[in-house]
Amino acid sequence: DWYKGAPRTFLFNPSADVCFKDTSQYKKAGPYTIGFSNAGLGDSWRVVALHSLEKAAAEHKDKIGKLLITDAGHDDAKQIADIQDLVSRGVDLLIVSANTEKALDPAVSRVMKQGIPVVMVDRRIASDNFVTFVTASDNMEGRLWAQWLVEKLNGKGNIVILGGQAGSSPNEARVRAGMQVFDQYPNIKILDTVYSDWSPVKGKQAMQAVIAKYGKDINGVFSTHGLQTPGSIEAFLEAGFKPGEIPPHTTADVNGPLQMALKYKVPMLEVGYPPAMGGQAIETALKVLDGAKVPCITEINSQIAVTRGDETPSIRPDVYIDEMVVKDGPADMLVTGGMGPGYDPKTFSVDYPK
Amino acid sequence: MSELAGTPHAAASHTGAGSMDATATKAGPGRSGLAGFASRHGIYLFLIALIVVSGIVAPSFLRGDNISNMLMQMAPLGIVVIGQTFVILVRGLDLSVSSVMATAAVAATSFSGTNADLPAVLGLGLAIGLGTGLANGLLITKRRVSPFLATLATMIVLQGIRFAWTQGAPSGSVPPLLRTVGSQAFYGVPYNLMVMVVLAVVFGLVLHASTFGRKVYITGGNPLTARLVGIGADRVTIACYMISGGLAAIAGLVLSGFVGIVDNWVGRGFELDSIVAAVIGGVALSGGRGSIPGALAGAAILTVVFNAVLLFGLPVQFQIIIKGAVIILAAAFYMRRAH
Amino acid sequence: MLTLTGISKGFPGVQALQGVSFDVAAGEIHALAGENGAGKSTLTKVIAGVYRPDEGAMTLDGKPVAWASPGEAKAAGIHVIYQEFVLFPHLTVAENIFLGHERRSRLGLVDHRRTRTEAAALLLRLGVDIDPEARVSELSVADQQMVEIAKALVHDVKVLILDEPTAVISGREVDLLFERLHALRRQGVAIVYISHRLEEIFAHCDRVTVLKDGRHVATRRVAELDRDRLIALMVGRDMRELFPPKRPAPAAPRPVVLEARGISVPGRVRRADLTLRAGEITGLSGMVGAGRTELALAIFGGLAMSEGTVVIDGTARHAMTPARAIALGIGLVTEDRKGQGLAMLMDVAANVSASSLGDVSRGGFLDRGAERAIAAEAIASYQIACRGPDTPVAVMSGGNQQKVIVARWARTCRRVLILDEPTRGVDVGAKMEIYRIMQALAEAGIAVLMISSELPEIVGMSDRVVVMREGIVTGELVGDEIEETAIVGLATQHAAA
Amino acid sequence: MPTSTPTTSALPVSAPARGRRSRLGRFLAARTGIVTSLLLIAAMLAVGAVLSDRFRTAGNLLNVFEQSSGLAFVSLGQTLAILTGGIDLSVGSLISLVSVLTAGLIDGDSARTLPVVAAMLALGLGVGAVNGLAVIRLRIHPLIVTLGTGAILQGITLLYALGPVGSAPPEFDAIAYGKLFGLPASAVLAVVAFVLVALFLRYVPFGRQIYAVGDDAHAARLMGLPHDRVIVFVYAFCGLCAALTAIYLVGRFGSGQPYQGANYTLASITPVVVGGTLLSGGRGGVIGTLIGAYLISLLNNLLNFMDVSSHVQLIVQGLIIILAVSVYIERRRSIA
C-alpha cells in the first residue's frame, strides 16, 4: 500500500552526476570495532533510532567485533570528549549523530584527518568532512512541507515556524529548505520562529506565547518534526480554536499528531523521517569498511501522507493519514519506526557485540 | 558564618547603621501611614499596577481567555513556589524541584493510562518527591552538605535514574483526569489553578497558622534558638524539604497533564524560576522572612511579565531580560526596606 | 593627640553615646571605664571609623578628621583591638598578624618565610608560645587575644585602643601585655585602655574617663581617685543597692534538684561536678573562657558531653537534649542574646512562647489569642518596654530583649533555670528587674544557676558560688566565704590535676 | 548564600590545640580537597589501567587533560568568587553571549580576531565588575544578583542570535586543538593560568585579602581591608574567565551558539567544591579546582571506557559531588 521504492530524492534527482565516494582506502578485514557517538536521547525518535542501530549491529555479529556507544546528553562539549574517547579506544569507524552541526564540525573533521572514516547519521556536521551522511533528506521534507502550506493557503498567509533544537542539522536543513520555497511567495509572511527542543511540552509553551501574540492571524504552522506538533495543536485548542479552525500543520513520524489531526480536523502533511536510518548507518558503515562505493549522502526513503482532501497540486500522498495512524496506539509511538511487530521501546533489548 | 550572614551585604550592614537584624522587621518599623502601607504591601500593589498598566497598553491582556491562559501557566509554578518558600524560610533552597517534576511526570506515564491508575500515579509521584525531599533534608541536616550542593546533586542523580528508567525517552500517556486537570478550565477557571489554590490554602494554613509553621519561622529566623527551645530544627528542616519535594511532584503531575505527552524535561527551568518568584515575593534567602501569599504574588508577577512582554509586541527575548531586571530590582527593594 | 567633642551616636532604640567629649595625649594611657553598655565600645568604633557619629567632631594631631571607613582611620595610625576578635579563623597566626601589612620580598611579593619568622619573633617578644603556622581557629581564646595584641605591635601606631584585652587572659600574659604598653607609652603612643578590672586602671593608667549610659561623667587623673570613688562615678550609687537583700540560709539544707557528675566537653570542660538546690541561687564564676557556658550547655543538652551524667530529682539522665531538658523543667537563658536567644524578626509573643508552643496550640494550630495573652501578662509583670505583644524584638533595647528571654524561661522552668551572663549589656534598671525575677524564682523553689563574669553580681546575688578555671571546677564558696578576692583566687589559680 | 543550614550554624567554639602540629600534617590537613581528589584520580587511573591498555596510553590521558580545559577556565573565576563566600551564576549566560559575539563578529575573518577578542575580554571584565558593584552597592546576595544578570545576558544573547552564528578563524583551532611541546595547548594554557592565579593568591597581598574577605567580611571591614575592591575584583575576574572560556569554546566548536554556556553555570561549581574550596568562603584554592576539573573529565573518560551508560554516568556524577562535599565539611561542635 505505501510507497516502498527507492528514495525519490535519488530517483528524481535531476542532476547528471550524483556524488559518490570511493572508500577503498578504508577497506579492512573484520571483525571491526565500530563507535557510535550519539548526540543524546531524550525523545522517542532518538530512542527508536538507537534501537534500530543496535539491532542492525546484532544482525552483523559476524563482522562487528565490538560496537561502542556513547551518549553526550545533548552537550556539545561532552560529545567532543566522547568522540576523542572513542578514537582512543581504537575504533575502525565512527558513526556520529552530531548534537549541533557547527559545534561538532572541528572535532569530526579531525577524526577524518586521522584517517578514521566517519559516517554521520540523522544529524550531520556543517562541512563535508565525513564519508557519508545517512539521512532521509531533510531538504525534501522541508520543501514538501513548505510547498504544501503555500498551496493550502493559495500563496498568501502567515506562517509560524515551530523548530526543534536550534542548531541541530535536521532542524536547520529543514527550515533552510522550507525558506527556499516560502521566499518565492511574497505574500507568505513568517510571523515568528520558535524552538521546542523536539519536546511537545516546550512546543506547547512556545506556541501559547505565539498564539497570545498573533491569535487568528496564524494561517499555518511549519513544524520541523512530529515530536513537537501535538504541543502546538494543544495550544490552539486551549486558546479556544474549535475543531476545524486550527490552521494546517506539518509533521513527521509520530502517531500523536496524526490522531489529533483526525480528531480535531487539522489539515496535516506528514513527511516521514524514519528512525530506521539508525540501522542503515550500520549497513553503510560495513560497506565503507568493505571498501565499497557509497553515495555522499545516503538517503533512505520517506513516506508522504496527508489528511484526506488536503492534497494539493504538488503534494500527492502515498497514503492518507487515516490509513497510516495507529488509532489506539500510544501518542508517542513512531509509525515509521520499522522495528517490526511486537517492538516496545521500553522493553527492547538486543544482544549486540559489546 | 557560612550562610547569608557571612556574605558581603550582611557584613556591610554590620558596619553600617546597625545590623540588618536589628532593624529589619516584617512590619517595617518606624514607618506608618501611606508609605508604610506601600512598603508592607508593595508586592501586591506592584502586581496590581502591573496588571492595570498591561491592560491599558494591550487591551487584549484583560480578555477572559488570556487571563485564563495566564492562570493556567502560573499554577504549576505557584505549586512549586509554595514548597520552595518553606525551604528558603529555613535558610535553604531546592534546585532538585525540576528533576522531581520531570520524574514524577515520567512516572505518571508508566501505567496503562487510565483513571484507574490515578492512585498509583499519585502515590508513585509523591513517593519520588517525598523521597527526594527526605534525601535532601538528611544530606543537609545530618551530613551538613550545603543546600545548594545537596539539591544540585540529587537533581543530577534523579535525572540519571529517570533516563535509566525510561531508557532515554518516556512513552505512554497520562490518566485522562490528569489531562483534564492539567489543561482544562471550568468556566474559565483552570482546574490546575484550583489545585494550586487548594494547596496554597492548606500550606498557607500550615505555615501561617499551625505550630509547625511557627517552628519553620523560628528555625529559619534563628536555628540556634530553635535548637535551644527544644524545636527539632533538623526535623523541621527535613520536613520542609519533603514538602518542597512533594509539591514539586504534584506540580510535575499537573504539568504532565498539560500536553498529555511527557518528555524528560517537564519543569525545566522551574528550579530557578521558583526561587526567583519567591525572592520577588519577598521571601528572604537569609531565612525566616516571607509568606506564601507574597511568594505566589511573585509567581503571578513573573507570569504577567512574560505574558505582557508578548502582548506589548516585544520579542520573546525580553521575557528573560525583564525577568532578570525584576529579580534584581525586587531584591534591592527588600534590601532597602530592611534598612 | 586625639580629641573628640560632643560625640553622639544612636542605634534604633538606644542612644549609645550622647555628647561625649574625650581626649588622649601622646605618651599617655587613658582608661575608659563604665558599666556594661555605657558606650565604651561604641566610642571606640567611632574613633576607628566603624560608625559615623550622628553629631560631634574629632581631631587628630590638631587636624579635624571624619573617617569614611575603618581603612582611613587605620591609615592615619589608629589601631584598635576590639572586644570581639577581628581574626580570620582559616588564616594562620602569622598571616593574621601581618594582614594588610604583609611582609614582602624585594619583588614586592608576600614573603611567607619572613612573615613566619617575624611573627615568631613578635610572639616571643610578647612572651607567648604560639605556633605562627597554626590556624587561628585552632587557638584557645587567650591565645587568640595574644594574637590580637601582637597585631598592634606590627605597625607604627599613633593611637592604640584596647577594648577589654584582659577579659580572657590572666597572670603572666597580662603582665607581658602591660610591659609592652609601657614601652609604647615611652615611644609616645597615645593609648586608650578599656577594662572592667579596676586594679589595672590604678596600676597602669594616667587618666580615666568614666562613661555612664552613653554620657560623659568625668575625666580624672588616676592619682586623684581611689577605688570607691571610681566605682561611685561609674555606678552613680552604691553597688549593694542594686541587689535585693539576700535571704538567710535555711535551717535544713535545701533539697538537691540537679546534680551534674563528671561532665566533660572535649577541649572545654573536664570532669566538672555541680549541684543545684531548690530555692538556691548558685553563682558560677570564672574568667571568660573558663568553660562555664559549655558546662551549662552540656547540662541542658545543647552540647554533646563526652562523659558524665546529669541526675535530676534522683534519676540519672544520659542523652540530654534541649527538648528533654525543657520537659524536665529546665530553662537556659543563653549568653548571646542575638545569636542564640532570640528570633530577631519575630515578635515578643512568638519569642516568649517559643519554648512552650504546646501551651499555645490546639490540634496543631496556634492559638494566637492565648499566645498574645501570655505575652501581655509577661510584658506587664516584667515591665518589658514595648508596643505590645506584636512588637518585633529587633526594635527593642537589649535589656528588654533580655527580659523577653527571661520571661520565656520563667514560664517553663519548673525545676532549674540557668542564666548565662544575664545582665551583659543591659542597663541598671533592667539589671535590677532581672535580679528581682531571679530572686522571685528562687523563692518559688526553683534552683537558679547564674553564670556571670561580673564579680559584684556574683557576690551580690549568690547563695553559693562555684568557680571554674580552664574547664575545671576549682572550688566552691558559701555564705561569708563569698567575696571577690576569694573568687579571683579560685578563678586564676592554676589547675590542680 | 544559603550554603549552610541550621545545623551548621554552630557555636563558634573550638578546642584549644596548643600543641604544634608537624609541617606535613598541617600542610595536608589544609588540603583535604586536593588530597582526596588526587586519591580518587589515582584510584580511577588504577581501575582504568586494569580495564584497558588503551586507557593508560599517554594519548588518552592527554586528551582528558585537553577535555578539562574549558571547565577549568570557568571554574578558575568561579573559585575566586566562591573564596569570598559568593557565587557567580551568570557565567553560563556570559559564555553564551561572548561566544555568539566572538564568532558572529569575527565571522572567519582573521583580521578581526584581535580587536574582537580584546573587546570580548573587556566585555567579560565589565559584566563581572557590574556584578561585583551590584553586590556591594545594592547589598543583594551574589546568588540573586548573578541570577538576574545571567537572565539579562541570556536575553541579549538571544536577541543577537537565535541559533548558531559566525565561524572561527583558523588560528582559533590552534588554541582549541593545537599542541604545545607535545601537550594540548589549551591544557598548557590552563595550567599556566592556574599556577599564576595560585601564585597571585599566595604571594600578592591582595590575594591574601581575598581569603580574609571570604573568611570574615565583617572583620575584613573592621581591619580596613579593601573589602569592596576585593568583591569587584573577583567578579570582574570571574567575568574575564567566562569570556576566556567562551573564546576557547568558539575555537573548539568553530562557531558561536546562544546556549553554548548553559551547562557551565552549575558545572563550574563542581570542580571548585570537589577541589576542596568551601562554598562558605575563606578556604580552598585554585589548584584544587584544577585537579577537580581533571577529575571530572577523567571520570567521564573512565566511564566511557567502562561502557557505562550515560544515565549511570549522571548518577555517578551526582554521587561524587555528595561524596566530595561531605568529606570536607568542617567538623564543628554545635549545639545539639
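Each chain carries a letter (A, B, C and D) given by its place in the written order, and its residues are counted from 1.
Definition applied: a residue touches a chain if its C-beta (ideal position, glycine included) is under 8 Å from a C-beta of that chain, and two chains touch if they have at least 3 such contacts.
Please read these numbers as outputs of a predicted model, since none were measured by experiment.
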| item | value |
| --- | --- |
| Common touching chains of chain C and chain A | B, D |
| Chain at maximum distance from chain A, centres defined as averaged CA atoms | C |
| Among all chain pairs, the one with the most C-beta contacts | B-D |
| Gap in Å, rounded to a whole number, between the CA centres of chain D and chain B | 28 |
| Where chain B and chain C are represented by their mean Cα positions, the distance between them in whole Å | 42 |
| Centroid spacing, where centroids are CA-atom means, of chain A and chain B in whole angstrom | 37 |
| Where chain D touches two or more other chains, by residue | 11, 216, 220-222, 309-310, 314, 335-336 |
| Multi-partner residues of chain C (at least 2 other chains) | 50, 70, 302, 321-322, 340 |
| Residues of chain B touching at least two other chains | 15, 163, 224, 226-228, 316 |
| Which chain pairs touch, all of them | A-B, A-D, B-C, B-D, C-D |
| Partner chain A, residues of chain B touching it in the complex | 65-66, 69, 72-73, 113, 163, 166-173, 183, 255, 258-266, 268, 306-307, 310-311, 313, 316 |
| Chain A - residues contacting chain D, complex | 40-41, 68-73, 75-78, 80-82, 84-86, 88-90, 100-107, 110, 126, 166-167, 172, 193, 195, 354 |
| Chain A-facing residues of chain D, complex | 52, 54-55, 57, 59-60, 63, 66-67, 70, 162-164, 167, 173, 176-177, 249, 251-255, 257-260, 263, 297, 300-301, 304-305, 307, 309-310, 314 |
| In the complex with chain B, residue positions of chain D that touch it | 1-9, 11-12, 84-87, 134-136, 138-145, 147-156, 158-159, 213, 216-218, 220-222, 227, 231, 266, 269, 273, 278-281, 309-319, 321-322, 325-326, 329, 335-336 |
| Touch list for chain B against partner chain C, complex | 15, 18-19, 21-27, 29-30, 205, 209-215, 217-218, 221-222, 224-232, 288-289 |
